[in-house]
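Pasting the structures here.
You will see two complexes here that share chain A, one where it goes with chain B and one where it goes with chain C.
== the complex of A and B ==
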């Protein structure tokens, strides 16, 4: 074993490892609790003391996706025997499924608005970042700072005029309106991040391409874009996550047709009080994709959250 | 003046070749590429901001569009700055800011310091620790209300388990004294990894050779920590504080789901107060002035802070 003055000793490593793992486990408990509560029966979810081992139930998920009405004995008989497994679960509670809940719609809205705004944001952001990276743009530093400063505004502060503006343009509570809004919110992130990624691509590649007779546009999409693919992909995931998680604008500017999942999930209530298993089921479905993306992003996490200020 | 490589290449390219490079000039392309972004930001950020400033001098109310709109000058600003309720929300915000930043910097730095000891699997555990901050604050905040339930909540159960108190005897979000801490705890749980990641980058940026030199000079580990580690990681720490400061000054989603600003006004942060004025009481002119004050505050504080940060970096 080679001796190094800076290499921590084995004992130090063990101590550090145990402390970090302990913190990680404690920090994970609320998240695991969300997942576990989604599979509990309503009685288990509010039992005292809280139960860790329980009989898994899909009632939360069934309640999440269905609207139910309380049924009398006659109604239950008239409806005939339960056919499907989810019918059986609701019949046991004396209710009949009356249709789908709004969760599916809200989740679809989140997908449409999230992916729509990410796509638009990447198109605009890549172009602007390329220009800022490669060309002499007049007032470049001022423009870049202006783009960053748009992020400092509290969303509620600009929400009032945006609300008025959207109402006049007929964009209130529409997918298009939310896509444009989230694109604008995320542009600062995508321009700053992508500029960093493009700055790292040696300019010689393009120069060679230009000398070979490529036009600027060709050099841009045949040389620069493939080189920046990883950077573009991770920036896109960041934009997607931010749009996915956004709440303030969504709760103020949408109510029916374009409402996304974050304002909707907290409003899920059961027939008697808050239906925590259903809320937890909705949260689980909503949060797990983000965790998967976080794992994919782990190499670029730091850059993303600091707008490229820290690159490691 | 700096000459970009493109210009150099352009200067060296024979004019015959240059003429063959078809298409737009670089200047035109630069504008085509930048214009859409600038336009969208002007439309969705700057135009609304100017509109907000204009509205802030009027008594306009969105829910009464037919009322005469009067120019009231600085009266909205005067009323806000002399309103004790507004100062209360400022105090709540300050409490929230100071404690979340202190706790997050403290825990985040210690974690980063430990992870930097390069034990086996530190990458995997770092990724796991990062999960909370990537999630939707509204959805997670809503679930924290469940953890905070008296009697059935997991948080209360754990506290009761270790202290022997009755889990039904305290309510984190229902008690005037506990609610400000309830939001601090949830925010710290969520955002400590953020500070940790930045600190980790700071610690990893310190070259090993400096420690080796210190070791040769027989500097104690304690001394190395205070004279090498802390000063060299300081710019990163300050950057983390800047980000968290701006974000938490704007804080809305997590807290509004967690406590809704209650009980009373104990956790009414400025953004929540602003939302009530603007979208519940519909005092558009008044809340526009409020928004301008907030924006000027955050922008002013951030500028001063960035100046200090640059001074530290230069050292």
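== the complex of A and C ==
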């Protein structure tokens, strides 16, 4: 009996399967714990030993999205009986909703800055990568190395110069400032990744389009871009994840108007005691956009759609 | 359709001289085949005409217009590439429509549909029109690729070994098809190949390239019967021309160092003795491998020959070609 080199044996398949499942469980447990904590009551969230089976509650989510004050008799009377389900939850704790929290705003800031910088990074990165891949650029190798070298130090090492620069340019605590900063940090990665993807697209396709009566830009737009979709999608995911999760610069450079969710979430702890369910709820919601974005783009992540039309 | 001229065209890539002072006229409505081995400059010539590369020196005209500074789109040429033929993200139909939808042509949709249908029928790909172009076999891809050129009526069609990846039957079908299309439409075609049968069957003119130089240009018949050099002589003819020392039969011109003998230039039946050392029956003809004065010769004989290995065949030359020491023809 013989086995081909590419076909794994039954035992190998089982072993690989078990390893993958174990790995998935190990990485998913903290995540599941966060999601679960978001639905616990404050008491359950800090009980020891930790409770695994608990009565789900939306208190964490209500606390995340609202600002509350301790209610006096007069205030309760003025407000009348609790009507909505979230009013009821807060009344049970002897508090009354005084308005929305800032989480919604911070979350929107994250969306604007994260997706804004990713979009800008893709536009600039694709253009630069195309030029580096196709044209004779003077000092091409040196320029590419220079672009890469901006990633060789941790970005936070230049935090103070950037802080001073932003203050003088009036970019402190602005959406534009954060978009520009994250774009600058991500651009080196995106130029290098995208250049690799564009290099793999045979130049013959563009040449065919040029002869078919299209201009260089039209050839780029109609022929190169659709084929680079895979690369653009995966690069965009990398850029978004970085900009979305970035904490240090967000703490340093934003406070009021342009603060993103990462520096905001820990501040929940300070406002009304150690409200772990609200923190966990904030973290859970924070995970959703990147997850949705990745799932939407996942079909582009499957390599091979551009390969095969090549005569070997 | 238009006449294409190249005048003193030179092109180098770094230290490599790809084209060395090439001048050539592709007459309006002709089918010109460029022959030569890999690296002879055939593809470079096509790219110069197409505008994908520009000559270092010299001039190219299409239909009397100087092409200097013109983009490929402005030149109104169609090209079939040897490789990477189809846009992989489009269907077969979209591939065929692509040139017609260009900003230069802006063909109305009914016209596009009509042309695509017509070309698809000629190339027998009608049933594949809505397939993804990646879901085709190599032969089908290449037919679509030819179709993408044929949907247009450009000044000149440029084809870079378009049939080289096809199987023998399809290749001979498409050879006839292409020749028919060209003859009926009066299209000008500049065609690169290293397949001499394609050159002989389709070309009105053949250009032989050797290391970037155009060594001979003329009708296939002229090239076959009257080659200027050993190199040009060995481009055409199957089995290949036999090269032997000039004085092997006697009577050679003084300057000749080699005698070139095509099969029909070797008369069998009288003359000097040679020994049969292999026989290949090809059906319509039989190839004889002969040993003659310690040289090997290949010639053809009757399909139903009774000759066997070891038999003696008497041979003598007839209207042979003579070449000098540098390979040039002397008589």
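Note that the second predicted complex is superposed on the first by the 264 of 312 C-alpha atoms of A that agree within 3 Å, B and C clash if a C-alpha of one lies under 4 Å from a C-alpha of the other, contacts with A are read in each partner's own complex, and residues count from 1 in each chain.
In this section, contacts are C-beta pairs under 8 Å (C-beta built on N, C-alpha and C of every residue); 3 or more make two chains touch, one makes a residue touch a chain.
Predicted model, so just to flag it, every value in this text is computed and none were measured.
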Message: Contacts for A:213 in the overlay, against chain B (first) and chain C (second): which applies, first, second, both or neither?
response: both
- request: Identify which of chain B and chain C touches the larger number of residues of chain A.
  value: B
Task: Once the structures are superposed on A, label A:22 by its partner contacts, choosing first (chain B), second (chain C), both or neither.
output: neither
Task: Would you check which partner chain A:176 touches, where first means chain B only, second means chain C only, and both and neither mean what they say?
output: neither
Message: Contact-wise, after the overlay, does A:226 reach chain B, chain C, both or neither (first, second, both, neither)?
response: second
Message: Which partner chains sit in contact with A:283 here, chain B, chain C, both or neither? Use first/second/both/neither.
response: first
- request: Kindly classify A:205 by the partners it touches after superposition: chain B alone (first), chain C alone (second), both, or neither?
  value: second
Task: Kindly classify A:154 by the partners it touches after superposition: chain B alone (first), chain C alone (second), both, or neither?
output: first
- prompt: Intersection of chain A residues contacting chain B with those contacting chain C?
  reply: 204, 207, 210-211, 213, 215, 305-306, 309-310, 312
Message: Help me check something: in the complex, which residues belonging to chain A touch chain B?
response: 4-6, 8, 12-14, 16-17, 19-21, 23-24, 27-31, 33-34, 37, 46-50, 124-125, 127-128, 130-132, 134-137, 143, 146-147, 149-150, 152-165, 180-181, 183-185, 187-188, 191, 203-204, 207, 210-211, 213, 215-217, 241, 244-245, 247-248, 251-252, 261-263, 265-266, 276, 279-280, 283, 286-287, 290-291, 293-295, 298, 301-302, 305-306, 309-310, 312
Task: Give every residue of chain A touching chain C within the complex, in rising order.
output: 202, 204-205, 207-215, 218, 223, 226-227, 305-312
- prompt: How about chain C: which of its residues touch chain A in the complex?
  reply: 50-52, 71-73, 77-79, 81-89, 98-99, 102-105, 133-134, 138, 141-142, 148, 165
Query: Can you list the chain B residues touching chain A in their complex?
result: 4-6, 9, 13, 17, 20-24, 26-27, 29-34, 36-38, 40-41, 43-49, 51-52, 55, 62, 111, 114-115, 117-123, 125-140, 142-144, 146-147, 151-154, 157, 167, 189, 192-194, 197-198, 200-201, 204-205, 208, 211-212, 215-216, 236, 239, 243, 246, 249-250, 252-253, 257, 270-271, 274-275, 278-279, 284, 287-288, 291-292, 294-295, 298-299, 302
